[in-house]
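Labels run A, B, C and D following the written order; every chain starts at residue 1.
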Amino acid sequence: MKTKQIAIVGASGYSGEELVRLLLSHPHAELSAVTSRQYAGQTLAQVFPKFAHHARARGLHFSEPNAELLAKRAEIVFLALPHGVAAEFATPLLRLGCQVIDLSADFRVKSAAVYKEFYAHDHPAPELLSQAVYGLPEVYRAEIKRASLIACPGCYPTSILLPTLPLLRAGLVKPTGIIADSLSGVSGAGRKAELDYLFVECNESVRPYGLPKHRHLSEIEQELSLAAGTPVILQFTPHLIPVNRGILTTLYLAPAQDWVAARAMDELGGKMAACYQAAYGVEPFVRLLEGKALPDTKNVVGTNVIEIAWRLDPRTGRLVVMSAEDNLVKGAGGQAVQCLNLMCGFPETAGLV
Amino acid sequence: MKTKQIAIVGASGYSGEELVRLLLSHPHAELSAVTSRQYAGQTLAQVFPKFAHHARARGLHFSEPNAELLAKRAEIVFLALPHGVAAEFATPLLRLGCQVIDLSADFRVKSAAVYKEFYAHDHPAPELLSQAVYGLPEVYRAEIKRASLIACPGCYPTSILLPTLPLLRAGLVKPTGIIADSLSGVSGAGRKAELDYLFVECNESVRPYGLPKHRHLSEIEQELSLAAGTPVILQFTPHLIPVNRGILTTLYLAPAQDWVAARAMDELGGKMAACYQAAYGVEPFVRLLEGKALPDTKNVVGTNVIEIAWRLDPRTGRLVVMSAEDNLVKGAGGQAVQCLNLMCGFPETAGLV
Amino acid sequence: MKTKQIAIVGASGYSGEELVRLLLSHPHAELSAVTSRQYAGQTLAQVFPKFAHHARARGLHFSEPNAELLAKRAEIVFLALPHGVAAEFATPLLRLGCQVIDLSADFRVKSAAVYKEFYAHDHPAPELLSQAVYGLPEVYRAEIKRASLIACPGCYPTSILLPTLPLLRAGLVKPTGIIADSLSGVSGAGRKAELDYLFVECNESVRPYGLPKHRHLSEIEQELSLAAGTPVILQFTPHLIPVNRGILTTLYLAPAQDWVAARAMDELGGKMAACYQAAYGVEPFVRLLEGKALPDTKNVVGTNVIEIAWRLDPRTGRLVVMSAEDNLVKGAGGQAVQCLNLMCGFPETAGLV
Amino acid sequence: MKTKQIAIVGASGYSGEELVRLLLSHPHAELSAVTSRQYAGQTLAQVFPKFAHHARARGLHFSEPNAELLAKRAEIVFLALPHGVAAEFATPLLRLGCQVIDLSADFRVKSAAVYKEFYAHDHPAPELLSQAVYGLPEVYRAEIKRASLIACPGCYPTSILLPTLPLLRAGLVKPTGIIADSLSGVSGAGRKAELDYLFVECNESVRPYGLPKHRHLSEIEQELSLAAGTPVILQFTPHLIPVNRGILTTLYLAPAQDWVAARAMDELGGKMAACYQAAYGVEPFVRLLEGKALPDTKNVVGTNVIEIAWRLDPRTGRLVVMSAEDNLVKGAGGQAVQCLNLMCGFPETAGLV
């Protein structure tokens, strides 16, 4: 299989670092350029000693990001940049013939107006929105294979969408009143020197933040609405918890039909199981938990797997669905590599197991 | 003020240890006996070196629990025992003239049938249920003052009831469809040598457990129903998070009246604020957060304070209420001491600030 | 007992915050001013919600630091500032008649030349060095009582000096070849927005730093030399470990006399115990561990206690001494309050138990 | 390259679990049996959900350990058992023709008398001691290649021996007065349901333990003595710190020649660098840090790499050497797989990068 030349723009943030980790071990990718304004001129191994023992890390230096140079050295470019900045690089890179896998929020929502509402500035490249494909392989596998611009989903959206979309599509749950309560490790905040994310401020602390209108709602509601065939408004509460990695999401949903009777419960339980099995039974990175097992972030950290479990509550008539993922892998770099594999015709799990 | 002689039965668990900490510094209490089957014969300072510098800790040895002896040495006895066992001690202690403050679940629910449903065995002392007072001072202050048997609320119930009861009582929220999503530190599981609570199994891990029918629902729903004047069924999902102490609860509620319009929102916001102010404005241990502040367990750990904040979501029409408490203080030992203070006519904050 | 008016300059760092915590509960101190350039104008409760329930916190606002104003509002001023800056405030405050308790390094070393060697700039107020008293109550109690300028020891120095000084003074250990290996919680690095102290960079990480010539060596060696009566050079390796608070120091010392024989060991063990007992037997904040007990930071966190244990190793002929303290209490704010108590004639343990 | 059939006895402890992780991804190994008395009958994926997505994990069930059956299913057997128990399996497995890689302490010391001194019971299979090879590839590579019984070093020994052996062999440091101060993550204590290792007892805690005569001293001193050509007695202090994985060791050594002069320092520094370079310059799993870099466990966790850095202290004349490793990889399972690779003629890094 032909090796692809890959560049990462913004390789010193947590998502960028995770991409580096994954691509250094990828059997069909060659990391030919990594950029970082902060560390330009230093070797990859100086900034991240943990990569020093990778033979392929040895020649790599961080450089200033420059679209022309990147286009000469890479066929596919990952953007691990803040929103707004990512689009500035996507435009010239696409023009120069690169394929772009963007991990920022810039191309996730299809409407420039929605983008402005949630990100508080005009979209920097609205003309590209129509060609961007939302990089959720379990949903858009076919589109990703032929895309030149991938908008990788955010970490929260992945943890919410994968458990919810099949149920909405199958009409098993109501599109109204959905609640997502999410717990995220601190790497989700990025590698930023801010007081709020100091060890002492996060350790022995648990706190909600960013409610009720978190930016990720824009893409989540877009995808939920597409699956439901009707506009979906989500209640979403993110919390910060003292772990490095991992997102645990608990979803509260209402079954579409009234069912609180032992027999109806069995029937609905069977439909739910069948729905999930149909959606994800052969997916390499979705683990449907059985029996008494419940998701635990420690079972997925470092992997591209999302765990999903659900419970019907006969007392409330409600459905509780839980998911666990690594916010930096299935929620960022791993999913991006999964997209890369699809775009290049590599095995979908290459470099991810 | 006359000093009271106090005993703690089961003083080597996490709740018991916290009671020791609080009572050693209490201005009007004298800890005259501590029991522990496991550590009987050892001094308090040998088992818990951190107490060695308290002058009052010096004479204290752990003894085997014995109701006759305890009744000779103490006027008030705290029970920090597993459910089922607590009732066995409460019965003789009450007969011998002691007042009993029970931190277990044994006397929290008023119905022996509900107890059996949730705890899977017959109630060990159903004849005492009618005299037990639920030890939530913000709700049952008058009753606590004249009680001889206090059933201290569980840690989750306190974090859920205090934010919810005033709204239900005032009819501001619907009694249906309430959801409580709670995150608890590991001390909530008790000092038990079980694999699930080893450092390596809890650190870098976040996980739900015990859903959808957690035992604490029995007392929570009892109190919610009393406040609402109608049976309330709660959706409750507890999660285990890697902190020693602290519970963060996020509640999802539906305002009683439709209000999604800017003006109605202001009005409802005003009613909410007034409702909480009326309920807790002068409470010494309830902190209503203002402005942009949100609860954070690190602001309450080690204190008897519960923080409460709320947000009306104009997009969903829902009300999100959040609380933070220390599960071992306001959720256990601190609340128990608050009850002690009320029972004895001490200042309610004695030993708690 | 007459209440003293107290001010804290630099009250928003970790040491300053700890001073606030201790002084709000101090029976004879009234906190009349807190300064912070960063938070000037905000109330104490806005910046630190955890203090909001202290009645005495209510009127307090952070102000810009101004010596004239501080001298009007306080008789005693704590400086919790970076080195270099502290001296700038100490000079006018002393002139205006205040007593100053400085938690920085500015007045710890008696020689301006040594200061310059270790801190890389000229001493900002060398004329004050002779009047400053090193604020280690167990050693300089008499001097502290009549001092107007206290130089509180650093957190590492306290953890090293208290276990070592009595042995050197008694001539039980050689003054040569001493090694101190210390482990510090992250609050020791201060509340600084730097990448190195982000949660993700510290959690699941253990690392040495600042060796072999850490700044604290200047004061440690000064005090060790005074006790030994001869210059002492120390080997010191600090490490950063993922806890909020606490320092654990392990010291390696050589007994002054060769003793590796069972009988000599008993004799030396007896001398060691007698030496520590004589030095600290009645000290309120030094806990000499007996039997098999070893120091553990969790036994001292939140208290002003330092735990000390020692072991003679018959295989190596060496003495291993271990200490545990809370770097923000006995290593900073608590020790400073202990000095305050001595200066004002309050009970030495006031506000500290 | 021919695939080898591999079994793991005791696969549900932390070392065993790590072996499973490594062998499931090993290109030339096929895990054909895993045993666990506790979990016999359950699938690997039920006990460790995180392995469920490995295609090769699917058929695997935990079985009761039985030497006859194991010998039928595997050519090479890893023993991840407590000391004493491991020897009971090694004897029949070797007789049945298997090669054995033992992760316990049973075959690490060459003298049954030393074993008894440190482990407090007679050696269970002294006749095998002479054929066992100490599984430290950087030292015994040739012997490992032709061994049938490997005694994998302990986690502390690896972190101490690799930095020290080259210096002793080269005569650059004195064989006397060596001190090793080590900090270990909690997984080093094993997956044991004991109160001491509960999350709440370890989190926010740092503590020394097991000094001054830890069991690992037996093997460490054996290997140090062999390298020095003279008996070496080590001062060793282990500490428990709240991380899942990782050992950080700080070593204090005396250069063989007096050197405290700037010029001699340069010369000695050069010799040190040359010595380490000669020993480890081409080793795939030893990272010699340059410049200002110091070891950090977070740089090695999950890898088979050990980081080493050193500092000459011109003030004390001493040499400080620091190392960082993952106690479960280079300190246990990873090193065992490295031995496997050598024994089977696989590339030494197979399955380890």
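Simple rule for what comes next: a residue touches a chain if its C-beta (ideal position, glycine included) is under 8 Å from a C-beta of that chain, and two chains touch if they have at least 3 such contacts.
Because the structure is predicted, anything quoted here is derived from the model rather than measured.
Asker: Mind listing the chains that sit against subunit C and also against subunit D?
Answerer: Looking at subunit D and subunit C together, the chains touching each of them are A, B.
Asker: Looking at C-alpha means, what's the farthest chain from subunit C?
Answerer: Greatest centre separation from subunit C goes to chain A.
Asker: Roughly how far is subunit B from subunit C, centre to centre by C-alpha average, rounded to an integer in Å?
Answerer: 37
Asker: List the centre-to-centre spacing of subunit A and subunit C in whole Å, with centres computed as mean CA coordinates.
Answerer: The mean C-alpha positions of subunit A and subunit C differ by 46 Å.
Asker: Provide the C-alpha centroid distance between subunit A and subunit B, rounded to the nearest whole angstrom.
Answerer: Between these chains, centre-to-centre, one finds 38 Å.
Asker: Tell me, which residues of subunit C touch at least two other chains?
Answerer: Those would be 201, 203-204, 242-244, 296, 298.
Asker: Residues of subunit D touching subunit A in their complex?
Answerer: Result: residues 25, 46, 48-50, 52-54, 204, 284-285, 287, 289, 293, 296, 298-300, 302-303, 305, 307, 353 of subunit D touch subunit A.
Asker: How about subunit D: which of its residues touch subunit C in the complex?
Answerer: For this pair, the touching residues of subunit D are 177, 179, 181, 183, 201, 203-209, 211-213, 233-235, 237, 239, 241-246, 248, 250, 252, 294-298, 301, 311, 313, 315-316, 318, 320, 322, 324.
Asker: What does subunit A use to touch subunit C in their complex?
Answerer: Per the stated touch rule, the residues are 14, 185-187, 191-195, 197-204, 242-244.
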